[in-house]
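Dumping the structure here so I can ask a few things about it.
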Amino acid sequence: MQLSRDELLSAYRTMRTIRMFEDRVNQEMSTGDVPGAVHLYAGQEASAVGICMHLNDSDRIASTHRGHGHCIAKGCDVNAMMAEIFGKANGICQGKGGSMHIADLDRGMMGANGIVGGGPPLICGAAMTAKYRKTGGVAVAFAGDGAFNQGTTQESLNLASIWRLPVIFAVEDNGFAEATSSDYAVAGDIVERAGAYGIPSERVDGLDFFAVHEAAAKAVARGRSGDGASVLHIKTPRYYGHFSGDADTYRTAEEKEAMRRDQDCLKRFRERVTEAALLDAVQLDQLDDEVAAAIDAAVDFARAGPLPESSEVATDVYLDY
Amino acid sequence: MARKSFRQALNEALRHEMARDDNVIVLGEDVCGGAGASGEQDAWGGAFGVTKGLLAEFGPERIMDTPITESAFIGAAAGAAMTGLRPVAEIMFVDFLGVCFDQIFNQAAKVRYMFGGKAVTPLVIRASFGAGARSASQHSQALYPLFTHIPGLKVVIPSNPYDAKGLLIEAIRDDDPVIFLENKMLYDSEGEVPDGAYTVPFGEAGILREGDDATIVALGRMTAVAETAAVRLANDGIDCTIIDPRTVSPLDEDTILDFVADTGRLVIVDEAYPRCGTAADISSIVAEKAFHDLKAPILKVTPPHAPVPYAPQLEEAFLPDTRDVEAAVRSVMEGA
Amino acid sequence: MQLSRDELLSAYRTMRTIRMFEDRVNQEMSTGDVPGAVHLYAGQEASAVGICMHLNDSDRIASTHRGHGHCIAKGCDVNAMMAEIFGKANGICQGKGGSMHIADLDRGMMGANGIVGGGPPLICGAAMTAKYRKTGGVAVAFAGDGAFNQGTTQESLNLASIWRLPVIFAVEDNGFAEATSSDYAVAGDIVERAGAYGIPSERVDGLDFFAVHEAAAKAVARGRSGDGASVLHIKTPRYYGHFSGDADTYRTAEEKEAMRRDQDCLKRFRERVTEAALLDAVQLDQLDDEVAAAIDAAVDFARAGPLPESSEVATDVYLDY
Amino acid sequence: MARKSFRQALNEALRHEMARDDNVIVLGEDVCGGAGASGEQDAWGGAFGVTKGLLAEFGPERIMDTPITESAFIGAAAGAAMTGLRPVAEIMFVDFLGVCFDQIFNQAAKVRYMFGGKAVTPLVIRASFGAGARSASQHSQALYPLFTHIPGLKVVIPSNPYDAKGLLIEAIRDDDPVIFLENKMLYDSEGEVPDGAYTVPFGEAGILREGDDATIVALGRMTAVAETAAVRLANDGIDCTIIDPRTVSPLDEDTILDFVADTGRLVIVDEAYPRCGTAADISSIVAEKAFHDLKAPILKVTPPHAPVPYAPQLEEAFLPDTRDVEAAVRSVMEGA
């Protein structure tokens, strides 16, 4: 599938935004001004962006605890996200949700999720709505290798299969669920396990934006045309520890160094598009600067944001009670 | 008005709302019954026949048999509700909540709050509950205190066919997640039920009987137990008010507090387990807000802290009965 | 695998006991003296017996709502079972459990279960005990086609696989979960789905006692020797409705007639052993009479049993409270 | 005796019992941390480091990292308990109970009763709970009322390192299923803890302070909130008793009733949600059994009926604090 210059620029900008957002959040953690913990998505950018580029606001995604990348790729406002992480009233959830509950239903972003395996059932419902209304919409459940084992995910695969729901299960396999490796915890093979539900299922190189983009194109087309669900098993690295408090000692220093050096989807993207002369380096550097400025602005926005009023503690529990 | 069963009242509520709004869909295990089979396609209409006939009227796109994957289909119902449908999902027995509780209490109940007010989740989850059918420990529980505990859920417990219909219509039209619980021993009970659609509001208790001596609060099937006891007590000159809260979340505290102010005596009859249960909940509200009106201890008439047994003799001993209620009222009359 | 005469007689006796037990319970339902509902196992006998013949009292099984057959095959006392179903104090659970909670831990029978998918996690635990203690014991989870979909079952397959637990998952596929057909509800293929966890998995003809017995022999040997879990996907008919109150109209009369006529594991067993002259018909008829007498006795035992004392309602909640 | 942290006290309890009885095993997500990885094999010791070091001491057959399949491994722990082991399973955050609740409340809790007294299930499930760590709605709940509601479970909530160790040893030696809940804000708190093994019995409340004017019941981290409030109140001449029930199931009713008989005034401070919560439960027991001793309403100091918010300002508003307790005690002193 041939991508236009604008599309390539947009893909790169979004991936870079995610990377810089995460690196910056990581940095801000050490200031002590971020109240809660975060799970950073850095390293996995090609997955979120390669998939979400095919989606519009009426398509839905359900995300995970490691949700910032999905949110950005699905069009959530970066300022409001940052403010949310800082716990401010101008946050995307008014400071009530924090990193693990960023959501923007107008963008079709149905929420990060603090429960591993929480998203796949919800996304089946979003797909039911699309199917029932015949909108041609699709719904994507992002889930980690750990989440893939969860019964809720397995049940969702079954439901999506028998009802031919327009769902894409994007299984982001970063090799770890917290400190436990997927080699140890995931029995058998993810592609086979998903395929045995009768769902077309394929392994995708998460370092290669173009591979993700192409696999996602097929899966999205399948969903839109009424041919049902798909599974993408996306191998991808996790740059940081599991969460902001993780010393990450279960991986060796060499392993982590090699990962960052050899497994960088952004680097690969740059190489590929510059070598093919699709975009030039100067342009990309300029984009990097723009993104850096946007992230600076997001942090400023967040820091300047008002604190929530304590009287808000019990509002928005119900619409009407 | 015609006499109709509790089951039929519920069925009519679903039919009215499905006809009125095509966003209303129904899903659950065997809500039709017969998917993929050679015989009748609407063979069950749910384990208790409540959804029978909807398939013929509304078609398979609007009422769907599900696999036995409660997490997936309850979660899907929540996700469908978040994206604009108004699903009515059925969990056959409330006892099964344990396999899908996360989707109810951490997802459906909390998305609005966590997302800063952005989510609207017009979801209804129907389930049967209650002891008396000789169904033993895993098919007879009440369990509504678990839902009541969770902010973000509304919890409805109709006691008669009229309320059942009106409350279910209200539940379907409500934009918050509603847990709608049907005492399985009431499905065949009958009462006057209008043919048309009407609503019974949430958070407004029903007054089943008025009397100056003592106030009894009872829900669901326990209202009938309270009523029988009240009739007997009236013969001895003890006049009871019976309040049916109809919804426990929201709870109509005002009505309860008003009557306690009048009678000074309160007995709560409930078939849920006692610890952190509904009777305890209501008692504590009164002990906090109407203490000075009280002339006697607040008595709870509940099952023991034990699972529900199978054998009839044991199950009868488990459930609160008329004598238990009578004894409790007599006790509060003595102020003891 | 060659079965001895005694083994053949014992297998037949147990299968016949299950069949007659169930037919009789069905009959007793209409007297109004059985307090609760029952889910009858008639038709599926070869599965329970073909598997449990390989087990001893220190091997464990977890059963389902349709548990009578498993209980009998695992050696539970038929009198005490019948008394339980009648809700009597001399019942196997003293009247507290009823049909859906029959258990006898001394026989390694860890309980029928009212929750679909409730048993597989428990049986993983029994297998952990066996493995940890190096007893060579195995643990069998019976689960229906409906239960196979449940997330609890899928999670158990994963756990059993990665820990190489001595578990046998006996998936009894009677084509239906209540009124919903497995063709509709089960995505993909059970053997493939289980196999994709890296667990040896095979389809077995549940009408053929010898096929079940042989497949179970391999699975049990695998477990005992430390080679981990197995899955048997056993196709089998369900003679009665889902439960005692089921009008069973989702199956046509012809279909049900044909099922009872053509799919009878007891008939097949008789034919096979008499044709091969392993046992003779007279002997088998005599055994039938003995079993019939035993079932009569069980009903007498149950009917004569004392009612539980209402003071027992709150005993045995805890050992100590 | 040495000063040790709550975390270390729990770790010692596990070590004593694993050394004492090789039927004791530990399992849960990352209870070691590092399974299948290239680096450190005991990298986590659980999300809060409680099980750190057990792998080296007892080996991988006795402490096992699990996949993220709570139903399977909590159920497996129950099944292992039914067959003779004494598993201690960890659910990182009690909020995750929704994905495995059936195995806890319909299986582990009920097998003994359903089977007529035949099953013995010496299972301990440990979980962290509580607000204050800025972890938002799905990682900050208390939820022990859900367990307390269920017959067959014991529910333990230690408030200090000494109790934590003694109660955990008691839990592991107990033959019933025990839910052992650790307030995550207490892991770093310190106190005197003996080096050897000892038990703190279930169903016996601790008296943290005695005073004649009012009784405060508080659990877990709320005991410290109550203590601070009590010191301030004492400056104004209001002397409070503080009772820490330590276990809510069983609950030491006698101690609470005795002190209420002395003081006539009761305030319950609890961080669980209010509806059908622990404060309601205790209040209702007192309103039933010690009504005539009461001189004032029973006040509950709890969070609002709302999920736990993320932002610090909101989370502080959510949690009961010293001023709330002080105000409640002053209110009951006035009898209002």
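So that you can tell them apart, the chains are marked A, B, C and D in the order they are listed, and the count of residues begins at 1 in each.
Here is the rule we use: contacts are C-beta pairs under 8 Å (C-beta built on N, C-alpha and C of every residue); 3 or more make two chains touch, one makes a residue touch a chain.
Please read these numbers as outputs of a predicted model, since none were measured by experiment.
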Next on the checklist: Please identify the chain with the largest separation between its CA centroid and the CA centroid of chain A.
Outcome noted: C
Next on the checklist: Rounded to a whole Å, what is the gap between the Cα centroids of chain A and chain D?
Outcome noted: 35
Item to check | Distance between the centres, which are taken as Cα means, of chain D and chain B, whole angstrom | outcome: 30
Item to check | chain C and chain D, separation of their C-alpha mean positions in angstrom | outcome: 40
Checklist outcome for this item: chain B residues touching 2+ other chains are 66-67, 69, 71-72, 95-96, 98-99, 102-103, 106, 113-114, 136-138, 151-152, 304-307, 309
Next on the checklist: Among all residues of chain C, which ones touch two or more of the remaining chains?
Outcome noted: 91, 93, 95-97, 101, 113-115, 149-152, 155, 158, 162, 184-186, 317
Checklist entry - When you draw the chains as points and link the ones that touch, which shape shows up: line, ring, star, complete, or other? => result complete
Item to check | Interface residues, chain B side, partner chain C - complex | outcome: 29-30, 33-41, 43-44, 47, 65-69, 71-72, 95-96, 98-99, 133-139, 304-307, 309-314, 316-318
Checklist outcome for this item: Residue set of chain A touching chain C in the complex reads 149-152, 154-155, 157-158, 161-162, 184-189, 192-193, 195-199
Item to check | Of all residues in chain A, those that touch chain B in their complex | outcome: 60, 62, 91-97, 101, 103-106, 110-111, 113-115, 118, 120-130, 132-133, 139, 151-152, 155-156, 158-159, 162-163, 315-321
Item to check | Complex interface listing, chain D residues touching chain B | outcome: 71, 95-106, 109-110, 113-114, 136-138, 143, 145-146, 148-152, 249, 251, 272-273, 275-281, 283-289, 291-292, 294, 296-300, 304-307, 309
Checklist entry - Where on chain A does chain D make contact in their complex? => result 35-37, 84, 87-89, 91, 93, 95-98, 100-101, 113-117, 146-147, 149-152, 176-186, 247-252, 255, 307-314, 317
